[in-house]
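By written order: A, B, C, D and E. Residues from 1 in each chain.
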Amino acid sequence: AKVKIGFVNSITGPEAPIGENLTNGVTLALEDLKKKGIDVELVKEDDTGKPEKSMAAFEKMATRDRVAGIVGPYSSKCANAIAKLAEKYKTPLLIPVASKEEITRQNLKWTFRLSATTYDYATILLDMATSLGRPKTIAIINENTDFGTSGAKSAKDYAGKKGIRVVAEEAYAPGSPDYRSTLTKIKSKKPDLVFMVSYVADAILLMRQSREIGITPQAFLGAGAGFATVSFAKEKAISSNVFSSTQWTGDVNWPGAKEFNKRYITKFGKEPTYHAATAYESMMIMAETAAKAGGNREKIRSELKSGKWNGIMGEVKFADYEGYTNQNKHQMLVEQIQNGVHQTVYPPKYVSKKPVYPFPGWK
Amino acid sequence: MLTIDKLNFSYGDLKVLWDINLEVHEGEIVTVVGANGAGKSTTLKNISRLVKPTSGSITFQGEDIEKLESHQVVERGIVQVPEGRKIFPEMTVLENLRMGSYIKSARKAREANVERVFGMFPRLKEREKQLGGTMSGGEQQMLAIARGLMANPKLLLMDEPSLGLSPLFVKIIFEIIQEINRQGVTILLVEQNVFQSLKIAHRAYVLETGRVVLTGEGNDLLSNEHVKKAFLGM
Amino acid sequence: MTIFLQSLISGILIGGVYALIGIGLTIIFGVMRVINFAHGDLLMVGMYGTFYLFTLFNIDPFISIVITMPLMFLYGGFLQKVFINRILGSLPQNQILLTIGMGLIMSNGIMLAFTSDYKILSTDYSSSSFDILGISISTPLLISFAITAGITAVLYWFLLKTDTGQAIRATAQDREAAQLMGINVKRMSIIAFGLGASLAGTAGALISPTYYIFPQVGSTFTLKAFVITVLGGMGSIVGATLGGILIGVAESIGGVYFGSGWKEVVVFVLFLLVLLFKPSGLMGKSNT
Amino acid sequence: MKPLLKNTTGIGALPAIAGLLVVVLLFLFPRFVENTYALHIMILIFISIVMGSSWNLLGGYTGQYSVGHSAYFGMGAYTTMMLMQFRQVPPWLGIWCGMVAALVVALIIGSICFRLRGPYFVLASIAVAEIFRVSALNLKNVTNGAEGILTTEIPPLKIGGTLITDFSSKVPFYYAGLVFVLLVILVTWLLQNSKLGYYFQAIREDQDAAHSLGISLTFYKNVALSLSAVLTSLAGSLYAVYVGFIDPSTVLALDLSVQIVLICIIGGIGTIFGPVIGALVLVPLSEALRSNMIGESLINSGIVKADSAFGSFLTENLSHAHVLIYGVLVVVVILFMPDGVLGFAKALAARKRKEAV
Amino acid sequence: MAILEIKHVSKFFGGLSANSDVSFEIQHGMIMGLIGPNGAGKTTLFNCITGYYPPSKGDVVFDGRSMHGLQPDKVCKLGMARTWQKVRPLANMSVVDNVMVGALCRTGSLKNARDMAMEQLKVVGLEHRSGFLAGGLPIGERKKLEVARVLATQPKLLLLDEVMGGLNPAESEDIIQLILAIKGLGITQMVIEHDMKTIMRISDRIVVLNSGEKLAEGSPQEIVSNPDVVAAYLGSE
C-alpha cells in the first residue's frame, strides 16, 4: 500500500542537533515500513525551530500535499502552534517527543502524543532516589528554556510532595562557558540531590565544573536531554554514576529496541538517542495506521484512538485521563552511566544493572 | 615631468572634466585657478588616482600612471595635500606627521623632517600630543601641509592650502611654498587666492566648467582682462 | 567569601577569552567601520578547525593555535577581499546585513559538512583544576588566559608602535587620506580583517577544550563580542581587554548574587550604564 | 553623487489607480482563494510588511539603525497575549494596550539609546532588546517565562450582538493584516509629505546640522522611535494572536530584529514601498526554500528523477541547505543591489529610459 | 539695545583655554567682524554662543535672555542661527529640501516652506540647483546653500563662520553683496573671516581674539591701526 505522510522537524536552526536524531529515526522507520509492504511517500518539512514556520509547513502538508497524517514537530513550542491546526484541518498529528503538558490538555481530538510529559521526567527520578536512599534536600539547576523551566517546576512540585526541601534553584541561560560560581554557591548548600535539566552540551560543562568545584551529593539526577546522550556518557571522568531519566534506552527489553539500537549504530555511526526511537515508533504507528485506513483521515484518527501497539517504545496507547486527551501513558526509565555506558537501572522491571547509590565521590 | 593628455572624467552621469591638457615641468610652480566647481580638485584627484578617469592619460616622469593604485602614485613621489585637510582625527599631531612619511623612501628622513616642519609651524610642536580632530580649522590646515611635506615629494599637489588661514599665515604659506620649490620640489597648486598664487607661479592654467580656457605665465595671466574680471573682482 | 573569590577568579579567567574575541571585533570595526555580525561564526570555524586537528592529527588545542591562527588569518583576508571590500563605501546597514549573510553561510555550510551534532573535544586536562585557598582554578582556562595576555600585548605593540599598525589605524580614520599617504588601504583592510578573524579563531581554539562545538555556537559569542567592544570603546585594544574581563566578572558575580538567569541582564545593564556616562565606551576617544 | 531631481509632489494618476486596484483585489482575495496555505503566507507577508515599514520610519527616514525592534514586537505580542490569556481581555482591545506598552518602552529605550550615535546606537539597541528578552524569561510570574503563553481560545468578535467573526478561519487575520499594512503605508506617506518627514531626514543626513536648524534631536528621534515602536507592536500583536503561542525566543529574539532590518534593506530603505517589496521577496522566498519547492518542482516536472542521485540530493540535502541558500542570496543582493530591490529596479528603469531616448 | 551680550565667557578643553574671559556686545542691525589667528578661539566662541558647548564660565545674553543651558535647536528657534566652518549639507536631500528644513523652523506647512526656500535660493543665487542633491554641489555652492538654509530660519542674529573660505575674490564679492543685503533686511550678523579686505568693508565693528582672549575691539579703522593686532594677526607689510 502507498501512503503519504508528513514529517515536520527542526532540521536547521538552534534545535537542529536533536532534530537530526528524529530525522534518522524516521529514515529507519521508512525502511522497515517498506519491508512490511507499506510504501510511504514522505513529505519532509523543516520548521527551523520557529512556530510560524511549523504552521506554514503544516498548512502546506494538510492542504496542498494532502497527506494522510503528520508526525512531528520536534520542539514543544512548534507543537503548541500546530496542535490547533490539526483540529482545524482534521488531519491526525502524532507528536513523538515534544513533552509540554498543555499540548494534550486542550481537548484536541486530532492531536496524539507518544511522548511522556515533562512532569514524568522529574517524577521518575525522585521516585527512584527515594526508593534507593533518604534524600532530604535538593538543588535544582535548569536551563532557562521551555523544557528546562517546566522540568524544574515539576521537580520542585514533586519534591514537595515527597518531603524533600529545595535548597537552591538556579535557572541559567544555555551556552555560557562558565558555571563555576553558580556551582560554588550550590556546593555551599550541601544538597543531597542535584537535579539538572540541560540540553546536550551544557550537561557536560556542568558536570566538568561540578567536578572541579568538588560537589558531592548523594546523586546527580539529569532530566533527560543532555544527560541521556552518548557523547555525555563517553566522558567517563565526569559522567560516571550520573542518573538520567529517559523515554527509551538501547538495552531496554521492549520488542525490537535492541535491534533498533544496533541498526542505528551501523547506519549512522553513532548511538541513537531516545528522540530517534520516539520518532521511529511514531512514524511506524502513523504509517501503518494510515495504510490500514487507506489514507482516510477520519478513519486514521479513530484507529489511532482505539489502537494499541507494542514496539520499541513499549506499550503505546492514546488514552484520555487526568485532563489529557490522546496521551500515551509512557513508561519512563532511569539510566545510570556506569563505565561510560548507559545502563537501565529503574524501574526494577526493566533493570539491566544494579544502580550505584549513593554517589561514591569523584575519581 | 607630469603630462595630462585629454583627460575626461564624470561623477556618475555628471561630466565634470572635458579634454583637460596640462603639463608640469620639473622645478616649476604651476597653479590652476578657476571658479567653484570648475573641476580643480577633481583634476588633482585624478592625478592621485583617488578616482579613475573616463578617458585620457596621465604620465609622470614618462610612466603612464594608469595602472597604478593611489598608494603607488605616492611611492612614485606625487603627494597631495587634499582639500578639506583630511587629518586623521583620532591620531595625535605627531602620529599624523609620522603617517606622512609612511612610504619607505621617506622613513629614513622621518626624524629630520619632523624637526623641519616643526620649524615651519611652531604651533604644531606646541600641540604635538593633541588629537588632530580637535585642532582648529587653520591648525589642521598647517598639519595637513606639514604632513604632505613629510613624504619628501617630488611633485606636491596642494589643494587650496591657504583655506582658513589667517592673513599672517597665508603669507607664511606662500613663502613656504616658494621655499620648498627652491629646494627642488615641483608644485602643482590649486588656489582661490588667485592673486597670490599667480604671483608666485611660473605658469598657470585657468579652468572653467571642466575645460582649460587659458594658460600662460603667472604674471601674464595676472594682467589678463578676463582673469581680472572673473577672479580678481576688478 | 569563598563564593565571591571563586566567582571573581573564574570571571577573570573567562574574561580573558572574551577579551580576545572582543579585540578581534574591535580591530575589524576600527579599521573598516564594519560591525561584523559573523564574528561568532569565525570563532566557530576556529573551533571546528581545532577540533579536527585534535581528533584527526592529535594536535593539542593549545599547540594547534600555531596552525589555526595563520589559517584563520588567510580565511579572514579572503572574506575581506572577496566580499567586504566591495561594500566598504556603502551604508552601514548594508555592511551589517552582508556579515549576517556571511554568518548564515558559514554556520549552515559547516552544518552541511559536519552535521549539527555537538562535538566535544576532551583532552585529559579538560576538567583538571587546582586549588588555592579553597578556590578552584581551571588549568585549561589559566593557560588560555596566559596565551591571551601574550597575544594582547603583542598586538598592542604592533598597532601602536609599528608603521603597519599605525597605517591600519590611519586607514580606519580616513581611507582617502590614508591613500594619499601612500598606504595601501586594501591591504590594510585585509590585514585587519585577517587579524580579527585570526583572533576570533584563536579564541575558539582556546575555549575548545572547556567548551563544546556546534554550528550555531557563534551567535552567543557575537553578541558578547559586541558588548565587550562597545563597552571598552570601539577600536581600542585596551578597552576590549578591559571590557572582556569586566563582562566575565559581571557575569560570574551577577550570576551568584542575582541568580543565574539574571546574569545577562546584569551584563547588559552594566553596558548601558557605562554608555550613559561615557557614550564612547571606557577607553573610547570622543570626537563628536 | 547623482544629481537626481526629486519628485516630492503627490502621486501621478496612473499609479494611484493601479494602487487602488491592487487594494481592491487584495480585499477580494480571500473570496477567490480557498487555499489556506496561500492565506497563511499572505498573512506572514502582511506581518512582515508592517514590521519592515515601521522600522523604516526610524531606520530609513531618521537614520537610526535599531537592531532591537524585537523589543516592540515582543511588547505588542506579550501585552495582547497576557491580557487575553490571563485577564480575558479580547485581542482587539489588547492590541491598543500593546501599542501603549510599546510606546512606554520606546520612550524608556529612547531616553537611553539616543544619547548614542552610529554603531554605538546600533549595539545599544541590541542590548536593550536583549534585556527585555532575558527579563521576559526570568519574570515567570508575569510572562510565564520560557514556557511561553499558549492561547486556548479567542473570544468571538461581536458588534452590537451581531457576530463579526469567531476567528475560526484565517480570513479575519488576513483582513486585520491588510488593514495594518494599509495603515503603515498611509502613515509613511503622510510622513513623507510632512514637516516631520523632513525633520527625520535632516536628522538622518547630519545630526549637528539638523540641530542647528532648530530641530530638537531628542524630541524628533523619540517621535520617530515611538511611531515606529507603536506600529511594530501591531505586527507583534497580530502575530501572537494568529500563531496562538509566544515565548521569548520567538517574539523577543535578536533573530527577529535582524529579520526586520533585512526586509527593509532588501526592499530599499527610506522609501514607502521598499519594505513592501522586501517582504514580498523575502517571505515567499524563504518559504519556497524552506519547503524545498525548487527541488520538488524539478522532480515533479520530470526534469530530475526522484530516485536518481541528483534527485535524492535535492530532496535530502537541499532541505538542509535552505538557510545556506538564503544566506547566499542575502549576500548577493547586498553586493549587487546595494540600494535594495527597489533601488535596483529604479536604476535599471532609468538606464532603459536613457537608452530609449 | 544690544541684541547679544557676551559676558566673561571662558571655555576650557582640559588644560587649554580656547576662550578666556571674553566679553563684548553686539548692537541691533550691525555687522560684527570676528577675527584672530588660527586657533584663537573664534569657532569655539560660536559654539558657546549657539549652545553646542556650555561655556565653562560666563554667560551669553541674547535679546535680553540668558542662553544658559539652552540646546542649539532652542537657540535657533529664538532667532540665532549659525553656519559651519566645515559645511554640512544634508547630502541625500535636494538643495531646495535642505533649505526647506530651515524654513520649517517657522512654518508647519510644506507649501509655505517650499516658497520660502525658493525665495532664499534666489537670494543666494542657487535657484538653478534646487533639484540637485546637495551632496553633489561644489564647495562654493555648498557655502551658499549653508547661508540660504540659515536665512530660511528667519534669524534675528546670524553667525557666519568663514563663509568665504575657498571662494575666489569674484565669488566672494557675491557673498559680500549677500551679507550687505541681509544687513539691509535688518538682520544682525557676526562674521568670522580671514580676508582683511572683506572684513574691513563689511564690518561696523570688529573684535579680535588671540589665544582665546579678546585682544582688541573697535571700528575697522581702529583695528587695522592697532599695533597689537598688526603684530599678532596681520603681520607687518
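One rule holds in what follows: contacts are C-beta pairs under 8 Å (C-beta built on N, C-alpha and C of every residue); 3 or more make two chains touch, one makes a residue touch a chain.
Just so you know, these numbers come straight off a predicted model, no measurement behind them.
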Item to check | Shortest chain-hopping distance from chain B out to chain C | outcome: 1
Next on the checklist: Applying the document's contact definition, name the chain pair with more C-beta pairs in contact, C-D or D-E.
Outcome noted: C-D
Checklist outcome for this item: Taking each chain's centre as the mean of its CA atoms, the one lying farthest from the centre of chain B is chain A
Checklist entry - chain D to chain E: how many Å between their CA centres? => result 44
Next on the checklist: Averaging over Cα atoms per chain, report the distance between chain A and chain D in Å.
Outcome noted: 35
Next on the checklist: Using mean CA coordinates as chain centres, what's the gap between chain B and chain D in Å?
Outcome noted: 50
Next on the checklist: Between chain A and chain E, what distance separates the C-alpha centroids? Give it in angstrom.
Outcome noted: 73
Item to check | Interface hub residues of chain A, defined as touching at least two other chains | outcome: 12-13, 144, 171, 173
Checklist entry - Going by the touch rule set out above, which residues of chain D reach two or more other chains? => result 1-3, 134, 137-138, 320, 323
Checklist entry - chain E: which residues touch two or more other chains? => result 136
Next on the checklist: Looking at the complex, which residues from chain B come into contact with chain E?
Outcome noted: 11, 14, 33, 35-37, 83-84, 123, 134-139, 141-142, 160, 163-171, 192-195, 229-233
Item to check | Interfacial residue positions of chain C with respect to chain D in the complex | outcome: 29, 33, 35, 37, 83, 86-87, 90-94, 96-98, 100-105, 108-109, 111-112, 219, 223, 226-227, 229-230, 234, 259, 261-262, 264-265, 268-269, 271-272, 275-276, 279-281, 288
Next on the checklist: Which residues of chain B touch chain C once you look at their complex with the stated criterion?
Outcome noted: 48, 50, 69-71, 74-75, 79-80, 82, 86-91, 95, 98-100, 102-103, 107, 131, 133-134, 147, 151
Checklist entry - Which positions of chain D touch chain C when the two form their complex? => result 59, 65, 67, 112, 115-120, 122-124, 126-128, 130-131, 134-135, 137-138, 254, 258, 261-262, 265-266, 269, 317, 320-321, 323-324, 326-331, 334-335, 338
Checklist outcome for this item: So, in the complex, the side of chain C touching chain A is made of residues 2-3, 6-7, 10-11, 14, 17, 108, 111, 115-118, 120, 122, 126-129, 136, 138, 207, 210-212, 214-217, 220, 248, 251-253, 255-256, 259-261, 263-264
